[in-house]
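Below: the structure, in structure tokens.
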Amino acid sequence: MADNEELRIGVYVCSCGSNIGGVIDPAEVAEFASHLPGVVLAKDYLYMCGDPGQNMIKRDIIEHKLNRVVVAACSVRMHEPTFRACVAEAGLNPFLMEMANIREQDTWVHAHDPEGALQKAKDLVAAAVAKVRYVSPLQMITVPVTKKALVIGGGVAGISAALDLADMGIHTYLVEKDLSIGGTMAQLNKTFPTMDCSI
Amino acid sequence: MIRSDELDRSFVQEVMAEPGGEHLITCWSCGTCAATCLVRRFDPSFNPRLILHKAGLGLREEVLSSEEIWQCSACDLCYPRCPKQIHISEVMKAIRNIAIREGYEPPGPFPEVDEQICSGCAVCTRACPYEAIERVTKVVDGEERTVAQVTKTLCMKCGICVAACPSGAMNLESISDRELISRMGAGGWLEKPGYLQGGAEEPRILAFVCQWSIHSDREWEKIRGLESDQLRIVNLSCSGRVDPAMILMALTKGADGVLVVGCKEGECHYQRGTYLGRSKVALLEQMLEQLGIAKSRVRFAESGSLDRFLFPRLVREMVEEIKASVPVVA
Amino acid sequence: MVDAARHPNIEILAYSEVTKVDGYIGNFRVEVMKKPRYVIEDRCNGCGECARVCPIEVPNSFEMDIAPRKAIDVPHDQAVPLVYAIDIDHCIRCYKCVEACGKLDAIDFSQEPEFVELDVGSIIVATGFETFDPAVIPEYGYGVYPNVITAMELERLSNSSGPTVGRVVRPSDGKTPKSIAMIQCVGSRDSRFMEYCSGFCCMYTIKNALLLHQTYPDMDITILYMDIRTPGKGYEEFYNRARAAGIRFIRGRPSQITEDPETHNLFVEVEDQELGEVIELEVEMVSLSTAAIPQADTERLSSVLALSRSPSGFYMEYHPKLRPVDSPSDGVFLAGAAQGPKDIPASVAQGSAAASRAARVLTSDTWEIEPIVAKVWPELCISAQGKKCGICAQACPYNAIIVEPGQPAQIIQAKCHGCGGCAAECPHDAITQDHFTDAQIVAQIRELLRENPEEKILVFMCHWCSYGGADSAGTSHFEYPSNSRGIRVMCSARMDQEFILEAFRRGAGMVLVSGCHPQDCHYITGQQVAAKRFSRVPRTLERLGINPERFRVEWISAAEGEKYARVITEMSEKLASFDKEELRAETERARPAIEKRLRRWMMTPHMAPFLKDEEEQEVEKEVMA
Amino acid sequence: MGKLNLAVYWASSCGGCDIAIVELGEHLLELAQVADIVFWPAATDFKYDDVEAMEDGAIDVTLFNGSIRTEEDEHIARLLRRKSKVLVAFGSCSMEGCIPSLSNIKGIDYALNRAMFENPSTVNPEKVLPQRRFGMPEGELILPGLCNQVRTLAQVVPVDYKVPGCPPHYEQVWKVMTAIIENKLPSRGGLLGVDSRTVCDQCPRKREGKIRVERFFRPHEIVPDPDRCLLEQGILCAGPATHAGCGALCIEANMPCRGCYGPPDGVVDQGAALLGAIVASFEGKSDAEIRQVLSTIVDPLGTFYRFSFADSFLQQLKANPEEAGRICASQADGSEEEVEQ
């Protein structure tokens, strides 16, 4: 938490087409979020991950001097890198963005209960807003890279990967558990659709 | 041509709401069940895959009014082979339950109870694999008594009750005692002296063969061709239909050995028939042993769905064993 | 194969297995076990004199065990490397090979497994697949009837470098069959075994049929299939060729194969779906197109590399559409059938894709990694006060914490992977984790339980597995009750007992802690640290007067969406069975004792306000201001 | 109409059947008013000579109880057949062999050995076997020899009626007597003194009808619920395969029916019918389970054929009919034919 800095949180609720918007009303979530402490701005949009959505966030960060962003959309496993990059482009430290998963863990699993799904979305947004109040800017850690590769498995995929890496000048270890590389491919008679030899 | 308005989607829901019907639409019609099904051998029009497919399409009337839905005996040979793990007989049961509610009935004939003789002893109700026999109280010859009554919608006509009834009150025309005995003795086969009686070169074998235990027409033909003076084959609706009295009677006459062939454990067409057949033979074996008579003169053998051309070997083995046993009558 | 062997930048370690992997993207240290060949690689020139004199024959798995090789041999003539090896389990130690090798002196019976360490920046997992053993399908008679073979066996039989020099013969009598049936989807598309479509069997079966047709134009060839799937470039045309060549196609899945014990001919029973009639096909040979299944050592390697597996058992990609060759572990990539059944073109393409993903890292001098690491509050660490502790160091799977008496514990940032186990284990709350601080987590607990807490299930999820499992429930649309509320941390090791107590203090109806299965843990032993901690929680709750049935621990992998949905459903049902008044009363009764246990927060940065409602208000104001 | 001439004979049996007649009590007085008892060794002092002296057919009705075990039994059976208009096989022994015929399972040598040597209450150190001829100071005594097999009356001479029961229930006996007195005997060949259907028809116990047991118990092993079907409690009850007539007597005493009234109408082999009924009454879902259940049936042969062995297919299978009536080997002395005269 940056000391003595006024919190200016922007909340963005994604509709994800009908994936979220088909079950709950994102506008209602945004309206709820707008009353949360520290929130200066709450919006909903059809596709937050698309260019217009991202541009809107970037513009708001600059125009409204947002110093925290909450995106209520899909899983962090899906679009956390997207929105981190997005806020970073607007000059905000990427770790000041937090996501609330209201798709995979809400509307996709509670389509039978829109009322419950809406309540859950509000709670998840409130929790993300609460968390984001306490986050601090962090710097990525830079590590050196050993310019060698390991390919485990000497079948057709492994050989292909190893050859590509080797051609790029990268020293590549190809570890094979059997006596010979070649894998299943080497056992085959001619292969489809060209009917050429497999080895 | 079937018009789309004949496809009743609600029928699919109806079947699936019925216990056992849940998996109706998981079926993708691979035909494993149809190729497994033994009912088809006797009635090629029966096709479990098609019934499921039609039900899945919503051809309500066609499915409910068809005679085929009553033919599945829940032998469940197809169930363990189904790649979608659909308990097909349960789906069939679900469809039947709807049909019963709508007043459909399976075609006969069914076993008949001779109410003049029936004591209501409950042996048949216990024997029946399908719980298709109830004891009911009714007026018989002006007197109130409890007698057995067959529930048509559940009966699979296996004949197990006919064999079980200790007083001969249960009868199913096509497989009656009289019918079986006449098949056993046709052409005077039983009256010819046996090997153990010193009247034949080779032991004479009477085989009761469950019609479901031989799994292909090709094989049936082959087996039928084996019939001779030495071998008499009587096919049964089920090995559970075998009557111990008939076995013993045959042995006192010209049969040196009686072979009963039933389905393999777990493959019985009528669920428990093969166990009944096996139990009867097992008890007969024990009694022969008690009497000091070679128990090899009776045998229960299993024939599984994957056993091909097993029958000739069974007969051969029995012949050898009887020859090796000490003749009882000098 | 030969290209790889000749490439100056490729070092082949054949007959070797990866046994241990440490480190992180750009900086992996890998331990590889070289299994003993009992032949010195540098000296063997592949002349084969040793095999010629060896008196022992052993099954050759390269030939699907249908042909033997010698106890000292190469699997096949084109082996790379062309170095012989001794099958020590079968060797009778007659030493004839030693004699035959003569001056080369390449045979060395004293060899032991050798361990080498490799430093690499990136790892590509391309371990391939195995074929399903059809013997588990009794109705197909594989292993019982000699003339029922697998498609892989047919590959070897028809291969001109195979044991019969390409002559296809029946195992029962060595004669070329006049008829053959090829059965598709053996083990695939079968919910008893492999639910999925193995993808390439249709094509290789068509290929085998065409090859047989070319070699034996009179052979009667039938393919029994449920669907023919040819979704590749030129594949449908290939299928058309087979149709045009007169290969018989019957749509239907055979119910059983039986054998005539005299001729060893086979009867295949199948319903021809088009006809609706059962065909009994008498053929002289049957080939089963068996499913592609995960390699037997997939599980072992997945725990060495901290990879997850899909429900099918293959390695799971980071994202099925957007990052198909990335694994969840940074710097580790997937290629080929290890990730799921694939044909050769797809495997080659994925190999290249994985190479290019790996090259992004390997062609850079440096790489940026997330700064989500542990942080010590020096003034709270009792080690600084000269007391003996070191609990944090014990909990760390990476030896990233140094504890010296008189000094506060010190985190080595480059070694820290950010599981948060130390932060949760520290009995003095002297460690926190960036981006998953106590305050951040407790703030979420407060918000999620602000209204009707007794109706809710609070779920702690680890980033890699159970959060993925919850996502996977979502992608599969497995519905479950809407009263659960999740909090994500990196590892179950981060789930402090204090968080669980706080949740109950706030009146949560139920609490679920969930993480990876032990072998899947992304942080080596993080899950174990957590499991041990959670095992003590029920007793603690009991002592506090809280029904321990309100607490549950479940290990849910990223693939187990069904399980996640089921667990929440079960908990929800259980919660519904509790009397809510009683729950509230339980909370009220336990609250003072819990607060006593949490009073350390009064000292921890940012934490004090969470303990008292009034102070919460104040901090709110403070934050607002 | 003159008085009827009645005869009663007791061949090889326990004597229970004679007692069953005595049990008629006051009815005997009614009987005496209409019938003369011309021969009843157990109750009256007539000798074989008296019977021999009668004209053939002089006896209106003979109630013959007991099985044919000895040459004397056979001799008297033939004699009474000649002298009687109506010969009734009275009671289970003469009708179907009953308990005595169980000795046919192991044979007469086994039976003698068991009775004369092995029986714990027998002291016979010299190993003396009963002899057919025995020298006495007064001269040689000839005792009736034992035949190889126990036979039913019908296996020796033609029989007109059969009265089942071990022994027949006295009420049924009176019914038979009444029929004789009132000359209302049905056409020849059938059963007398029975009710229609099987014992189950007269059994008041509740049958659930779907219960299959997992093992069987012998009567001494459990105390069954007196209101529920014994078979459904695992007690081997012969009721389903036994002719009605006794009024479910044993069952009233909470004991299973043992089958003494013989097979139901139309059933040839009682044991086979009972076997079929028993097999239907237990659950066995695998070969192993079946063997387990069957192992709880001790002595199936004796259980299923307790009363009817001599009249069974198995008896036919075991015995050579030509040997059945011969004097057994341990008593044979070559003079049998002479005695037969």
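To keep things simple, chains are lettered A, B, C and D as they appear, and every chain counts its residues starting from 1.
Keep in mind that, in the parts below, contacts are C-beta pairs under 8 Å (C-beta built on N, C-alpha and C of every residue); 3 or more make two chains touch, one makes a residue touch a chain.
Computed from a predicted structure; not experimentally measured.
Asks: Suppose each chain is reduced to the average of its Cα coordinates; what separation in Å results between chain A and chain D?
Replies: About 94 Å, centre to centre.
Asks: Any idea how many Å lie between the Cα centroids of chain B and chain D?
Replies: One centre to the other, that is 38 Å.
Asks: For chain A versus chain C, what separation do you get between their C-alpha means, in angstrom?
Replies: Taking the average C-alpha coordinate of chain A and of chain C, the gap between them is 22 Å.
Asks: Just the number, please: Cα centre separation of chain C and chain D in whole Å.
Replies: About 78 Å separates the centre of chain C from that of chain D.
Asks: Graph of touching chains, which shape: line, ring, star, complete, other?
Replies: line
Asks: Which pairs of chains touch one another in this structure?
Replies: A-C, B-C, B-D
Asks: For the complex, give me every residue of chain B touching chain D.
Replies: It comes out as residues 117-127, 131, 134-135, 145, 160, 163-168, 243-245, 248-249, 251-252, 265, 272, 275-276, 278-280, 282-284, 286-288, 290-293, 328-329.
Asks: Can you list the chain C residues touching chain B in their complex?
Replies: So the residues of chain C in touch with chain B come to 138-139, 141, 185, 189-192, 226, 251-256, 258-262, 267, 269-273, 276-278, 280.
Asks: In the complex, go through chain D and note every residue touching chain B.
Replies: That would be residues 105, 197-201, 207-212, 229, 231-232, 239-241, 244, 264-269, 271-282, 284-287, 290-291, 293-294, 297, 299-302, 304, 312-314, 316-318, 320 of chain D.
Asks: Which positions of chain B touch chain C when the two form their complex?
Replies: On the chain B side, the touching residues are 28-36, 40, 44, 47, 49-50, 78, 81, 83-85, 215-216, 218, 305-309.
Asks: Which residues, counting only chain A, touch chain C once they are in their complex?
Replies: On the chain A side, the touching residues are 1, 6-7, 37-38, 75-78, 95, 101, 103-106, 108-113, 116-117, 119-120, 123-124, 126-131, 133-136, 138-193, 195, 198-199.
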